[in-house]
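Paired with subunit B in one complex and with subunit C in the other, subunit A is shared by the two complexes that follow.
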Partner chain A sequence: MTNTIFAERKDQVHRKGEEPFQMACDKESLAGAVSQRACVFCGSRVVLYPITDALHLVHGPIGCAVYTWDIRGALSSGLELHRHSYSTDLQESDVIFGGEDKLYRALTQLIDRINPKAAFVYSTCIVGIIGDDLAGVCRKVEREKGIPVIPVESEGFKGNKRAGYNAACRAMFQLVGTASTDDISPLSVNILGDFNLAGEIWIVREYLERMGVHVVANITGDGRVDDLRRAHGAALNLVQCSGSTIDLAKMMEEKYGVPFLRVSYFGVEDMADSLYKIADFFKDVDPQVMERTKALVRDELSELYPKLKEYRKALEGKKAAIYVGGAFKAFSLVKAFRHLGMTVELVGSQTGTEEDYKELHEITDPGTIIVDDSNPLELSSFLQEKDVDIFVGGVKERPIAYKLGVGFCDHNHERKEALEGFVGMLNFAKEVYSTVMSPVWRFTPRKRALYSKALETDVCHEIKAIEN
Partner chain B sequence: MKSKPLKTEKEPYVATTDSCKQCAPLGACLAFKGVEGSVPFLHGSQGCATYMRRYVISHFREPLDIASSSLGEKHAIYGGGPNLKLGLKNVMAKYHCGLIGVATTCLTETIGDDTPRLVKEFRNEFADELECHGNPSIVNVSTPSYAGSHVDGFHSAVRAIVDQLASNVQAVENTLNLFPGFVSPADIRYLKEIVHDFGINPVVLPDISETLDGPAAAEYEKIPSGGTPIASIKGMGTALSSIEFGRCLANSMSAANVLEDRFNVRSRRLGTPIGLRETDIFMDALEEVTCRETPVKYELERGRLVDSYVDGHKYISGKKAVIYGDPDMVVALASFLTEIGIKPVLCATGAKSQLFKTAIKAVTEEILDEIPKILDDVDFYDIEETAEELKPDVLIGSSKGYKLSRKWNIPLIRLGFPIHDRFGAQRICQLGYKGTQDLFDMIVNAVIQAKQDRSPIGYTYI
Partner chain C sequence: MLLRHTPKEITERSALTINPAKTCQPIGAMYAALGIHGCLPHSHGSQGCCAYHRSALTRHYKEPVMAATSSFTEGSSVFGGQANLVQAIDNIFTIYEPEVIAVHTTCLSETIGDDIPQITRKAEADGKIPDGKYVIHVNTPSYVGTHVTGFANMTKAMVDYFAKSTGQKIDQINIIPGYVEPSDMEEIKRIAEMMGVRVVMFPDTSKVLNRPQTGKYEMFPEGGVTVEALKTTGDSLATIGLGRLASGPAAQALDTKCNVPCEILDLPIGFKATDRLVDTLRKTLGITVPDSLNNERGQLLDIVTDMHQYFYGKKVALAGDPDHLIALTEFLVSIDMWPIHIVTGTSGKKFESRIREITKDSPYPINVKAPGDMFLLHQWIKNEPVDLLMGNTYMKYIARDEDIPLIRMGFPILDRIGHSYFPIVGYRGGMRLLEKILDAILDRQDRDAPEESFELVM
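The block that comes next holds the complex of A and B.
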């Protein structure tokens, strides 16, 4: 096992209970290690992507735009501009002579053609090198077209995904505070760090509605430019998803005095806790809000628990591994698996912070492997060592699990099943059940030995018995 | 009097909307993936490798490791050499590979890294480590993402592999070099079977038949088994002949040409064998190389295919198809559709290709009265604009045409790359008589189903 781990990465892997907790993280990925991480551009792109009525123009060669075309299952209740892929498709001559002119023409044409509420212009590696004045072009087009045109400083090589989150937050912050906040209820929030995958933000909004809390802006799932512009009028920011939008919440707190709460909508405990925290925040403004929240949680749980019990019966004692982008989601997943009677043998993330890993260390059982910025060789060896029944990750992790005959649940941005909210916990249980309990594993090389009894090789005997 | 301004053509859109191509390094990684024991390696920022892995995995549903030199800001300023070398060393140490295929990216091409020189330095500086890890080959190819498309990246990498590894020192017996282009694992399995049945040994480059469509495993294979053996590549200079598919493949991009120029191995450039006529040409070439007749098995496949053309022709007669994708696949499909009586009203590719137009003309003019609309260097916005007024009955191409199929309520036959919204892309066989047969059945059935679905009667007998 140890042979699989690079010497340079030894301190990014921890086995709980073996030694005092200490973990390195937030490092540049090791060259040649096949990190599962993407780049700065990716961080910005995934955060801003679900803003549905903005133009998202990628300034760079074609690859960056094409690999991010319609990849998130971020649903929209209105326009779907975000589901297109727009690129300046830089060519060799642009690299030599500069891409500003092409960018200007591309932007103005696209704005005329699709009439967006705002435009985000993403910088890519090469733009950082050839030195195009992105901000200058954006300012010019903004003046001419009369819509916000915002440069996103997302040159791929300038850090990792987290730097991209930050660039996205800075871009969005340029919109915040540019529209009137009249008529906003004192019981109001912005939802940050939810991307409306499989319609999840609609589940959360419905809960908030039942509590009597209004939502000003979705940031960014099913997001709208005009909502972002008045987001500073909300009484509270709800921040889910550790890295991606916390920077925006902090900026809004500093400039507009909007406080924030960290929440999670995954799993029963975290979902309920989050709603109670929100109710508690508003208890002075509306004394009834806590009652309504309690009623909501009660109603949801009384419907959920009996159904969940069935799944738990089947899944009790099964083993899980988790490798996700942000560590915050991992916290909720550890608890969710516990709720299903399952143990977590491996948990890791691409971009967790020291605090994140400390918390993971606290909530996991002894023997659990905790890993930062892992790679296929490590992950596959951990899966084999721990002999898990399910691996939770994204598209890049799926074939590692399947090749080894391990079940899989997509908890990344391509998922098509809503996993948030109380109903999401039920969907999650169904997802886990559908893979862990599938009959196919018995045929895989890893499990075949456990299922030695095959079908009768000669059925003549059986047929005779029936015929007689 | 002022003259009226001349009516000008509509200004073409500067931006690319919904691209019909991917970038060159992706093509290179796919080509490297078809060599035994090989690890593709991108010299650039970490994101490129991860994005491409994600994109390709969604098509093949197989593990796909692409290493990266993971350049950060300081490397972009001071040069990526040290990280490239560190990365190569790490890949060598952990993967025990036979080949590392280094492709550049826009970043490293622009900051001016001299990758061939860096690789050479690496070979000198780390000679002991190389020795200790079984002397893996290192092939490098220049694939700046701002030039060409994934198609160019693919061919450049194949050519680089041949250019940097092939020789005529170790003679191999009775082999045929086959450069099929970017086709599916199932296609490659079938091609190998055909060549074997002619009594010779195929050296197919790249061979992704197992590396991107492998069996379930008990132990995780760091590098999936299969791929063109490096020894076979080294012996390519002594083969009987080379066959290379691609009517749109420029001579300067041809791997077979390298072998002909350097080792006098006769090169035959054929169209990608989809349909009767192109497959006949392929079989004729094999007859010529081996001095053998086409085995009965394939005569039968051919006979059944012709029989089915007859049985099915009325369902599809005069239907209009829009086809898009990699140039050589589109040309082959145009040839095939023409011979079954479907009009390819629009043939489009996202790649820039001067040969595309000529090739489409060449394969359609014998049968069609009117040459179809032919567009290269287009995106899906252009395809939609052009195709809308042509009122197609069917679309043929990658998953990315689904939005158009949904909008116009016409069937989409998923072929080529990427197929992200259906299952089994790696097992689609479309080459040769057998592949064409599958394709023909699929198209006829799609047309029948569209008719059945739209009919108020609900026919159960068609």
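The block that comes next holds the complex of A and C.
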């Protein structure tokens, strides 16, 4: 293999310090690339599916429903309707004669059967092509069954994952503003862009509670239809995750005048900053909120720091690579690694915007590789070049790291430990430690090569580094 | 209770699939294509399809899974995907340098009517396909058949594109292993080798999707059937297709195209089906079965002899693919267990009648449905409980709700390892299955026995 980077992709890869920063992004993926990106449908599905008491029906061939069946551990404290896979399972005859009738029957049967609070009906590529009137069927069923039945315009080919986020936001926006906002505290927020993986939204809610801030709606982790309907009554929207729910926040700001704050719950600084920003927002309504927040952060940090120090001792100087879906998460990860005394050698995302990459460029060290919409070949060559100790990515990246003998942390669908909040930072440190320091790497060819090189050159500290 | 919405009473359900026991064609085609050496599967459709298939296969095998995509946009879905595919072919051969690009379609490209051979010819005319490299294709609309169909179609495409008859027979047998794991393919080759049979196996995902830790990332691992070997399949003495659905079409195509006689057998799961494979090899080549293989059969038999009282009368619910279920049902019946609820997502009247034939002496009424889904299976279980479940990882929801032990088999297995390395086919695979069954049943017995009847040996 002579080139590992497509010529056409040169301006989607940047090495900090080499030349003035410029990054082409938001480009469609190159045909033929082994892209790690997904489609519009995928974007909509991951955003909406954690709404636990809604019916989620996929109108399309079976695959789209199967591959997103319980796709990530979006935990629920109540109903678990979202963890089922419902599909119209379109067949050839439906493609020829249209799938509207089938959709109508599926929807009405399901609604009668499970009595959901609302229904989301996802469109797929094929539905976009055969031209089923999804919205029409939804309207009809809505009238007949008396619950909101919302079409999600998530035809796979109509852009990338970000377009899917937008479709999801438009779908949710149809629910917002349809219920009474009586009894909502003036100190209230909606949590946007958190999907309650490993119970993370519960951690954030607990912090807010301690600050005296009331949560109206979880959007969407452990989400409820009735909460969404009155979400416009909240005083503030907290938006995490760059792409997924920002459009909803913007729509709510425009129509209902609910302002929003961009926050992140990953890493110590970002978590504390976010809480302070929230406290600052409410300082006129409740002058005590800042005091309570400071106390909270103080308590949490005094518990966290001594524990974190232990991990930092071991991890100091280790090298990390990051390739995640949204760039916002990458910002927090860069900072989190710094807390552990580690350097970030590579950072990239599937769907970052120009703004995002500018910010990444600002917060990274010289020499760091910044990359948009990468592929396995590129990623593996960068990992080897930078000789990293850990790679943070998603499902498809994990085995690449492992094959190279590099530690891995899933910061996406498959994460099993809560990584948000102060406690999340500790969990993150533990997870990084457990993989970076795992004895397994001593048996892998990469480290064994290092080890023998160290013996030859008699460089004791290298041996020590390996032994530690 | 994750599945609290599953009612006991079964009502007629049309237009709706709940908790499927299948997935779509393209992933099967992608899996089969990975069984060609140096092949990059290519998904002609939206990016999502490719990402999903790669993710699903990655989660199942815990291995990097490579495939490219035409990355359809709104434009390509209106004007056709020709430009995308031609550009993709060019890019792939320039950067990734595979021997073969195996294109499969998706529901999107099928419906807009892209003509892949015509596009490939265009790419060839434009000089985008280097000498000695190949682009093969198969039509895999997601709204027809299932992942098994996709596997069968891609396997048949290998015959259509590569098999040649030179008129000179070669002393070798083609074995089409069916939609099984890399470990199973390895085991079938091992059995043939023990019998001294030279085999061309296609597809062959062993050493592709069960690779060791090497410290290297290899886009094209050492395994997979080579194009050279595929070309010789037309000169082989015979073809054995294992699994009627997954291997039948390719085996028959080879017969039609190159006059290679074919025998289509069940997947060699359990005594009887493995016996039939061994016997077919023996008869076809006029060889004797070596003692070493007889020894393995004897060991399998020994386990059943030693433990038959534990198998007796146990009721089982199964979900999976038809080829697997037929052989597995036969095996279970042969050791005195009773599969009573059987679903597959793949349609087939023949499947249903075959299962009914195998289970005709059952003391229980048999529920079998093709196509059915896991929701229906769960309802059946609520009406007539079972002692054991066998199926893919998604069956764990039922296992938990009903508190029934589950043995993972089939596709996908997302939460356990083993399937890539340890086979379930052949006599030794049978032994592994029995070990799993006994562990599941006896662990449960150990857990549930009241104190007064809890013994060292139950």
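Rule of thumb we're sticking to: the second predicted complex is superposed on the first by the 448 of 468 C-alpha atoms of A that agree within 3 Å, B and C clash if a C-alpha of one lies under 4 Å from a C-alpha of the other, contacts with A are read in each partner's own complex, and residues count from 1 in each chain.
Convention: a residue touches a chain if its C-beta (ideal position, glycine included) is under 8 Å from a C-beta of that chain, and two chains touch if they have at least 3 such contacts.
Quick caveat: nothing in here was measured; it's all calculated off a predicted structure.
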For this session: Evaluate whether subunit B and subunit C can sit on subunit A together after superposition, giving fit or clash.
Result: clash
Exercise. Who does A:37 touch here: subunit B (first), subunit C (second), both, or neither?
Worked result: both
Exercise. Touching A:261 in the superposition: subunit B (first), subunit C (second), both, neither?
Worked result: neither
For this session: With the two complexes superposed on chain A, say which partner A:251 touches: subunit B (first), subunit C (second), both, or neither.
Result: neither
Exercise. Does subunit B (first) or subunit C (second) touch A:81, or do both, or does neither?
Worked result: second
For this session: Determine, under the contact definition given at the top, whether A:377 touches first (subunit B), second (subunit C), both, or neither.
Result: both
Exercise. Following superposition on chain A, which residues of subunit A contact subunit B and also contact subunit C?
Worked result: 4, 6, 28-42, 60-69, 84-92, 94-95, 102, 105-106, 109-110, 113, 124-126, 128-130, 156-160, 376-377, 380, 384, 395-396, 398-400, 402-405, 444-446
For this session: In the complex, go through subunit B and note every residue touching subunit A.
Result: 11, 13-19, 21-23, 25-26, 41, 44-55, 57-58, 61-73, 75-76, 83-84, 86-91, 93-95, 105-107, 110-111, 144-147, 149, 214, 216-222, 400
Exercise. Tell me, which parts of subunit A touch subunit B in their complex?
Worked result: 4, 6, 28-42, 57, 60-69, 71, 84-92, 94-95, 102, 105-107, 109-110, 113, 124-126, 128-130, 156-160, 376-377, 380-381, 383-384, 394-396, 398-400, 402-405, 443-446
Seminar exercise, completed: As the complex stands, subunit C meets subunit A at residues 2-5, 7, 13-20, 22-24, 26-27, 40, 42, 45-56, 58-59, 62-74, 76-77, 83-85, 87-92, 94-97, 106-108, 111-112, 141-144, 146, 211, 213-219, 345, 394, 397
Seminar exercise, completed: So, in the complex, the side of subunit A touching subunit C is made of residues 1, 3-4, 6, 28-42, 60-70, 80-81, 83-92, 94-95, 101-103, 105-106, 109-110, 113-114, 124-126, 128-130, 156-160, 376-377, 380, 384, 395-396, 398-400, 402-405, 444-446, 449
